[in-house]
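Encoded as structure tokens, the structure appears first; notes follow it.
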Amino acid sequence: MKNNKKQKSLVWKRLKKNKLAVVGLAILTIIILTAIFSGFIVDYEKQVIKQNMKIRLQPPSSEHLLGTDSYGRDILSRVLYGSRYSISLGFIVVTFALLIGGTIGAIAGYFSGKIDNVLMRIMDIFLAVPSVIMAIAIVSVLGTGFINLAIALVISNIPVYARLLRSTILTVKDSEFVEAADAIGTSTFRIITRHILPNSLGPVIVQATFSLASAILAAAGLSFLGIGIEPPKPEWGAMLTEGKEFLRDMPYLVIFPGMAIAATVLSLNLLGDGLRDALDPRLKK
Amino acid sequence: MLKYILKRFLMIIPVMLGITLLIFTIMSFSSGDPARIILGDGASEDDILQLRDELGLDDPFFVRYFNYMKNALRGDFGRSYKTNTPVFEEIFSRFPVTLILAILGILIAIFFGVPIGIISAIKRYSVFDNIGMLFTLLLTAMPGFWLGLILMLFLSVKLDVLPATGVGSWVCYIMPSFTISARTMAVIARMTRTTMLEVIEQDYIRTARAKGATEYRIIVKHALKNTLIPVVTVAGMNFGQLLGGTVLIEAVFAMPGVGTLLVNAIRTKDLPIIMADTMFIALCFSIINLAVDLLYSFIDPRIKSQYQ
Amino acid sequence: MSEKFLEIKDLAVTYETDEENVNAVNSISFSLNKGETLGIVGETGAGKTTTALSIMQLLPKEVGKIKNGSIIFNDENLLEKNSHYLRQIRGEKISMIFQDPMTSLNPVLTVGEQIGEALELHNKAKKENINQRVGEIMELVGIPAARKSEYPHQFSGGMKQRVVIAIALACEPELIIADEPTTALDVTIQAQVLDLMDELKNTLNTSMIMITHDLGIVAQTCDKVAIMYAGEIIESGTLEDIFSEGNHHPYTVGLFNSIPKLNDKKTRLEPIDGLMPDPTNLPKGCKFHPRCLHCMKKCKMEEPKVYKKGTKTIRCHLYDN
């Protein structure tokens, strides 16, 4: 356990050295804080969804820093509030996909044989459909809305984690320290929880960071298509659909929500790259 | 080799059966009575019951699946609830648009991505490398549909050099295919760079240097092929994402491909279209994966000899 | 024929990374005559491979730096030559047999292509003759010429090493540097490969630098021996000088005591206590003093001078006058 702590601090030390990863972490922290506190910063009823046709489609001004949309709503307030959807969706999707997919993968990887075969063939079938299409198909059955979107994205992300956990567990299982633990009569459960899982953690954390980013992108994409989170909720992708209509007159409507998505994804990618290098210094020269 | 191709091709069949079963299962949870959707709200109960019977909607799940597959194998995917045209026709009239878009997208991605990655690796830490890597970093973070809108804003609205929407002429494909390639190109460029940097550290590169080979020859003859092996994997994996991404890009540029067909079908609950469209995209994806696998054996002799 | 055609003087090599500087080779000198084989012996990390790579000028870019010295090959100082000149030397005049045959061959090129490449690069044969010449070289090292269109993964370890040797021999170079050519091989294959190299050396009259940690291989193949420790040559001489009784460096004595002898009744080997010093932080004075059984006060303070007697040199305070 002591060793584990030491390794954690080592990873943190390496991560701190990586400037891009620190930048990513900083941006991400700001976005997460915004998501948490946006309910206090802006008033949902008064600033986010209340329409005021008198001041529609105004360019940025001191009153409305990013301008207003086609219903006279403040774009800045909406972009800030929109972070809640993306961030919470992202975390929910990754957590559940990891729990379900991870369990499937862990079972397949640890017990191998027939169980492994059956589970993995099922996962292969899921993987044979591009994840966006899979999510679209599920949403088409469940209907739109936050929870349905989350379910669709969880299902389409499960196979990724199942595969990842399975392969890392297979690698760790064959390593000598697990053989050693087995040889001295450690129980299966203890081998899994004490030896295998902690050692599979690195790749999982890295994957989680990247799939947080792709879940956010997918959620925005589906909302953009009108089959995710629907207006008037200020989901970034949904805002882009609205903005698309006014591309000629009010490009701000398209620019700012898109930048918010890009910044979130960028910060996660930077952090993910940094974590990967920090966990596996061999790769970085 | 031929045997291997055949074997791999046959392996698509169980996967396709699995996919159809999966999609059929998902769709069977769909709310709303298809008969009512087809006949509209004004229809009488009797008419609805009769249509339900005709469509076999009250049969058990596996009977319905079996019947669907039996017809599907003959190219009959049913008729659209909305337009009453055969689903097969609907999909095939739109397929070329999507196919052109996806193929142009992956070609552009490889055509630019691989050289950018190689030059960045050879001139590591140079201005080109730094700018290239920053640029690709930004591209991987941009949602494709947003990039499309931004390009449209500059090239169509502001500069008016390219048409914003439609599929009237080949010019219409320029912006969408670049948009769809962007992310994949960035991923390929970064992957190529990393792999190339690893490859040029290998012992066999030192062996080549010891023979007196020039740097150019070392890159082209000794490092490139080895670099391409993982790059092909990444390109293949991304082609699936790219294919999924066409749905969004078609929506942005109002292109009549299978993606727009799918989205419209979801809005109108046109089940036969949704089902066939999804299966169709999955089939394309499986064929691409097969192609990537075969491409491997051409690049990597270690894989080739496994199947000879 | 005993002209000096390779002479290395005061060569010093450092690996510079962000974190530390590794002094891999510290001012070594040796020379080699035509047709001779020099054995460089030492533990892992003594600087043997670095010395070899310096002669080829294939040290890792940006990291490996030659700090001092000269490498005279056929009256030209290789350290003053441009990369174009060096490329003409590499593979044609000097070639190298690398340590690990598993990683030294390109997995995506056929062995024939890889053997023929040096011929092609140095215009040793006409295009249409290359193929035939490759076949000849392969037969020479004991690989059926018919296998030239196979890929490295289709060969066993010993066969791969033969391919590596064939690559080095392709242009019939004047000097072959063999870096632990048999370490990765089984003992039986090892013997075959060594015999093969000996035979080839005799037929082609090439000079060789044999880098190894195995004194048995030295006894079997070398004319001269240099023993390296922590980047320095601590003892050198003819094979006779090193393997016969007489004055020796304590490290050399230690090396010989750590290998088993058939006619000796001793039951235990005598390993040298301690480890090679950290090359980023070498000890003051004689670099061997922390492990030396004869360590004196002087050894901790002053670097020993070279003691010469005939063909033999020893770098040790024990032999100070």
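In this document, chain identifiers A, B and C correspond to the written order of the chains, with residue numbering beginning at 1 in each.
One rule holds for everything that comes next: a residue touches a chain if its C-beta (ideal position, glycine included) is under 8 Å from a C-beta of that chain, and two chains touch if they have at least 3 such contacts.
These numbers come from a predicted model, not from an experiment.
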Self-check item: Chain-contact steps, minimal, separating subunit C from subunit A
Solution: 2
Exercise. Report back the single chain whose CA centre is most distant from the CA centre of subunit B.
Key: C
Practice problem: Name the chain pair with more contacting C-beta pairs, choosing from A-B and B-C. | Solution: A-B
Self-check item: Between subunit B and subunit C, centroid-to-centroid distance (C-alpha), Å
Solution: 54
Quiz item: With chain centres defined as C-alpha means, what is the inter-centre distance between subunit A and subunit B in Å?
Solution: 22
Exercise. Note which residues of subunit A are touching subunit B in the complex, please.
Key: 121-122, 124-126, 128-133, 136-143, 213, 217, 220-221, 224-227, 237, 240, 243-244, 247-248, 251, 254-255, 258, 261-263, 265-266, 269-270, 283, 285
Exercise. Over in the complex, which subunit B residues touch subunit C? Could you list them?
Key: 202-204, 206-214, 217, 221-222, 225-226, 229, 299-302, 305
Self-check item: Contact footprint of subunit B on subunit C as seen in their complex
Solution: 56, 58, 86-92, 95-96, 98, 100, 103-110, 114, 117-118, 121-122, 151, 153-154, 164, 167-168, 170
Practice problem: Going by the contact rule at the top, pick out the subunit B residues touching subunit A in the complex. | Solution: 14-15, 18-19, 22-23, 26-27, 29-31, 137-138, 140-146, 149-150, 152-153, 157, 194, 197, 201, 240-241, 243-245, 247-248, 251-252, 262-263, 265-267, 269, 274, 278, 281-282, 285-286, 289
